[in-house]
Amino acid sequence: MIIILRSDATKEQADSLLALIAEHGLKPLYMPGSERTVIGALGDERVLVPLELEALPFVERVLPVLSPYKLASREKRPGGSTVTVGGVPFGPGTFTIVAGPCAVESEAQIGEAARRVKAAGAHMLRGGAFKPRTSPYSFQGLEEEGLRLLAAAGREVGLPVVTEVMDIYDLELVARHADMLQVGARNMQDYRLLKELGKAGLPVLLKRGMSATYEELLLSAEYLLKEGNKQVVLCERGIKTFEHATRNTLDLNAVPYLQRQSHLPVIVDPSHGSGLRELVAPMAKAAAAAGADGVMVEVHPDPGHALSDGAQALGPDQFAELVGSLRDHAALEGRRLA
Amino acid sequence: MIIILRSDATKEQADSLLALIAEHGLKPLYMPGSERTVIGALGDERVLVPLELEALPFVERVLPVLSPYKLASREKRPGGSTVTVGGVPFGPGTFTIVAGPCAVESEAQIGEAARRVKAAGAHMLRGGAFKPRTSPYSFQGLEEEGLRLLAAAGREVGLPVVTEVMDIYDLELVARHADMLQVGARNMQDYRLLKELGKAGLPVLLKRGMSATYEELLLSAEYLLKEGNKQVVLCERGIKTFEHATRNTLDLNAVPYLQRQSHLPVIVDPSHGSGLRELVAPMAKAAAAAGADGVMVEVHPDPGHALSDGAQALGPDQFAELVGSLRDHAALEGRRLA
Amino acid sequence: MIIILRSDATKEQADSLLALIAEHGLKPLYMPGSERTVIGALGDERVLVPLELEALPFVERVLPVLSPYKLASREKRPGGSTVTVGGVPFGPGTFTIVAGPCAVESEAQIGEAARRVKAAGAHMLRGGAFKPRTSPYSFQGLEEEGLRLLAAAGREVGLPVVTEVMDIYDLELVARHADMLQVGARNMQDYRLLKELGKAGLPVLLKRGMSATYEELLLSAEYLLKEGNKQVVLCERGIKTFEHATRNTLDLNAVPYLQRQSHLPVIVDPSHGSGLRELVAPMAKAAAAAGADGVMVEVHPDPGHALSDGAQALGPDQFAELVGSLRDHAALEGRRLA
Amino acid sequence: MIIILRSDATKEQADSLLALIAEHGLKPLYMPGSERTVIGALGDERVLVPLELEALPFVERVLPVLSPYKLASREKRPGGSTVTVGGVPFGPGTFTIVAGPCAVESEAQIGEAARRVKAAGAHMLRGGAFKPRTSPYSFQGLEEEGLRLLAAAGREVGLPVVTEVMDIYDLELVARHADMLQVGARNMQDYRLLKELGKAGLPVLLKRGMSATYEELLLSAEYLLKEGNKQVVLCERGIKTFEHATRNTLDLNAVPYLQRQSHLPVIVDPSHGSGLRELVAPMAKAAAAAGADGVMVEVHPDPGHALSDGAQALGPDQFAELVGSLRDHAALEGRRLA
């Protein structure tokens, strides 16, 4: 850790800091300069984080040398991790496709969706039962009934299912019906929920918050890993920017960046990442070419009449065509469909 | 509602949409143009929102005419609302100051903080017991013990207290100790929690999410109002932008904008809004001059040794000086300290 | 055009607006509603743009129905345009690779760069002579000497060259040496320069500004087209967001979005779009899979000792490998290397 | 300067870097750690900037200790600078009001505007002759004729005038008519223009680019100062964010931040900073309370019929009322109207 002092910091203040660093078992380093004094702390600087040294009135800035996450770091597992959900792998060498409607709407709808995405080659079924909707006047999901329908549809076609959990209060219920628990973008920093999910024993699909940095995403993953849950898949789903022609700005830099910083698999959600049906296939293919470990795509039997986010859903035929393209682009990057 | 069709939409498709609008009790309007056909729907267009017409394959864009929120709208109460918490009003004519440390750290710390902010003129005490921290290795709050200490400190000096609740799971516990419940920026779109808070019977301080638009903030307030809770205070606390020299970009446009769109009181948090101690006082004064209904300021007895966010905390003397300045700027805007 | 009036607008004010619309040759439409009156203007609404109706005190919002650009619109040329530079095509069916160093540094450096990128399969040579550098203490480019060296290097290996022009003042000089003129991200809204480039008779590579929307980019292209220059290639090069781990956030949604809105070719600059050498190849391949018309990649004979932006430059061997991958991904999208 | 090496950097690579630092006259420091080796360079690290050490393949990150600007730094003049334009001071102790229409439209319009803002108490007249407009179909300004009318109007009422210059090509012409030259937000990083303005001998009003960080703004000022022009006033005018209800997000944090980092005066443009007439006065007052050195406000004799940006212009009476409020808020911050 590098600590830059204010230009008016005294020698006594610098000394107090050097002593504090030594007390915590790190090697302190004193670097007086012409304009600023710089203090170094050599060793595992993470023990200094809780001290919040930037709060000291004579400190100008604190520059960490090491990443603030440990368990999520690539250095822990240079070869990358594979997360397996109901027999479906996410990780090196495979390209995994999760598909299904934004929301479970009825037995017929989710059943038809399940059959069509399975036939097209999807590996996992998605569908929301608790829907985070911006407006209280929008469809909010079928809740428990939706969970039952989703699980049944998955069983029928032989696909494991992933669905979102929004609150600890619902965790036990959702866990009873799902093979993988999704943390939505709006809850990526709901640390109370993350701690419980860390103990829940089910794989977690952690979506990047719409204003979360890569580091914040990896620190949220660290919450899960720290509690003992090693089954974590990261998902880039677009960030909030000034560009409003698309719903979000899909940040594909995230794929190679996160894969170099972390051992966790990284998939991409081009549906939320663009919000426009016509952009979903190009962005899914781009994700495959960028080396992603998979994609999650919204597919609805009849997108024009979806109760939620229909504008970004593919129809079953569009999806089937996309799967073929993904197979080819992924193959060029050394990955087979899971 | 105005619906713009794609250039290749057929007359039959337009007719089907006109019929759908009429079925829902609105007056349909057909406006064929040289390049695009436009469809209007006159009346309370909010009944059309759940139809998600933008998902129809022949629809290019849907332009709402009315705001998507109703209960939060200024038109409901043109004179503005006053929310009262333990005798302390937020609203027209008053300027209300909430102060206290980021986190409750110990009985001595919160007691001293309470005495100092009370003496300086604060109207309400803040302090976190459940702390949402980016890193799992940072101090996470004293939880239940923190709630007890906060409540006791408030009682001792005669200030009502506000503290954050992060999950339904903790709601009953937090509600037992607090006079007002805070929804943090990271949870502004935790709609499960909002629904429960709408029924909880306690005033709510709703902080703007770090990537939430004004409209999204007002829709989150709408969740609370729709469930019957009319005691809602909005809080601007800075948004995430490309500028990282400050922790957040405090968006003071929010103050006059929200006050014109909504009847709910609007306060400002200059501590999170800048993240730098030296910017807190200028931004608090700016909030008063912009016409805010109050401010929430982090004050710590010894900022240099705070366990959380010390870099943005004022010391007690700096805070006392600020209160005097706020009194003067607020007076120019026709407001007295509450 | 749809004009929403304020709730307190009078019938007289609405009438005055209806008359104004009729005067300008459009069909006015009066839509009184329960909460708001809406006015429509049917026909080529662009004639109303200069009136700036949103400035009228009784107008709440103006919603355009048509895109504000005409000449850049896809509807003008549904099959897409091909722009040809020194025999090299940009457009449907081809994938075009522009490569070279950020800045021209010496005869040896640009010569070696030209030979290596040509050998690897690049179609055009890039290199900056006037460099927009954030700091006045950074290398600013060789200016006229750089232009001469670039042109000579291109001639030697048989590649047309593209280089940036920053000011009308330099236009004639740069035009003498370049086959294509680049407008950098910082100058995308330098409308004085765009107007002159519209008359300059050379193809233009128009880079998206770092905070420019798609619409603003297309309006900048419209400046060029309006002055008679039809040889315009658009370039997505990343936008400024809160994520600072990468230099910019490469927005690949731009590729399919712009291609659907405009007939102009769209290429991608993954070097500035990520700013990190290790991300350049994945993002270039993603661009190809997203259907881009080409890429522009920074390649330096010795990236570690580049005078400008070396951290994002590929070495010649990395580039050669990338060209092979691009060939394969582009082929899947029906494009051959130009 | 602190240089963090990649985890796989060799001792030889570290040694080569240490030698390089020593060669440039700085004191090298070797700090091997358990996970990363860190290299320090003590002394005036700015001599290392042109080396772009981050491009070296074994370097992970470069962390500057000192600010990259020198002449703009507060440490150069801790008391702050005063810039004087035609007798009007910008700087400590005064609050300076620049007002006038967005664009010069006619002799009558600019004359009336000049008389009204002078009568209300403005200190300087603004008005655009070369207008950067997003659409080529919008009013582009009266150019030379506009400059003449502006200068005449200013002379008549005894106010110095400021107007925008967009290109070196126009510089001589604009300089002949203006007392102060404005660099618009879209040109803040037009370094060719900045270099010429640095030699032009007239005071410069440098507006912050819509996606420029504080550091980038100060580096643009450094371009001016480095060429010998010390008469530079900075202007915060709002930045591009995801919030589109307002035209821009006015970032008032910029005022105290820039004043602490730089000696240059800082004024605020609440007109572009909000884009909404009703927000201009609250934001102007907020700027005064935040300690700004002044404001620039758009005032039009008849805002509803302005040819440019009328939606954000105040009428003359609204402006007169605002000046009174600004006097009072500024007085609380120890400033008198200039």
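Order of writing sets the chain letters: A, B, C and D. Residues in each chain are counted from 1.
Everything below uses one rule, namely that contacts are C-beta pairs under 8 Å (C-beta built on N, C-alpha and C of every residue); 3 or more make two chains touch, one makes a residue touch a chain.
Predicted model only: the values in this text are computed from it and were never measured.
The chain with its Cα centroid farthest from the Cα centroid of chain A is D.
Computed centre separation for the pair chain A/chain B is 26 angstrom, with centres defined by C-alpha atoms. Annotation: 38 Å between the Cα-based centres of chain B and chain C. Across the assembly, chain C contributes residues 211, 240-242, 244 that each touch 2 or more other chains. Chain contacts in this assembly form a complete graph, since each chain touches every other chain. Taken together, the chain B residues at the contact with chain D in this complex read 211, 213-215, 239, 241-246, 249-253, 255-257, 260, 273-274, 276, 278-279, 282-283, 285-291, 325, 328-329, 332-333.
Chain D contributes residues 2, 4, 7, 29, 31-36, 38, 40, 42-44, 63, 65-66, 75, 240-242, 244 to its touches with chain A in the complex.
Against chain B, in their complex, chain A makes its touches with residues 46, 49-50, 52, 54-57, 68-69, 130, 132-140, 166-170, 186-187, 189-193, 209-211, 216, 219, 222-223, 226, 240, 277, 303-311, 313.
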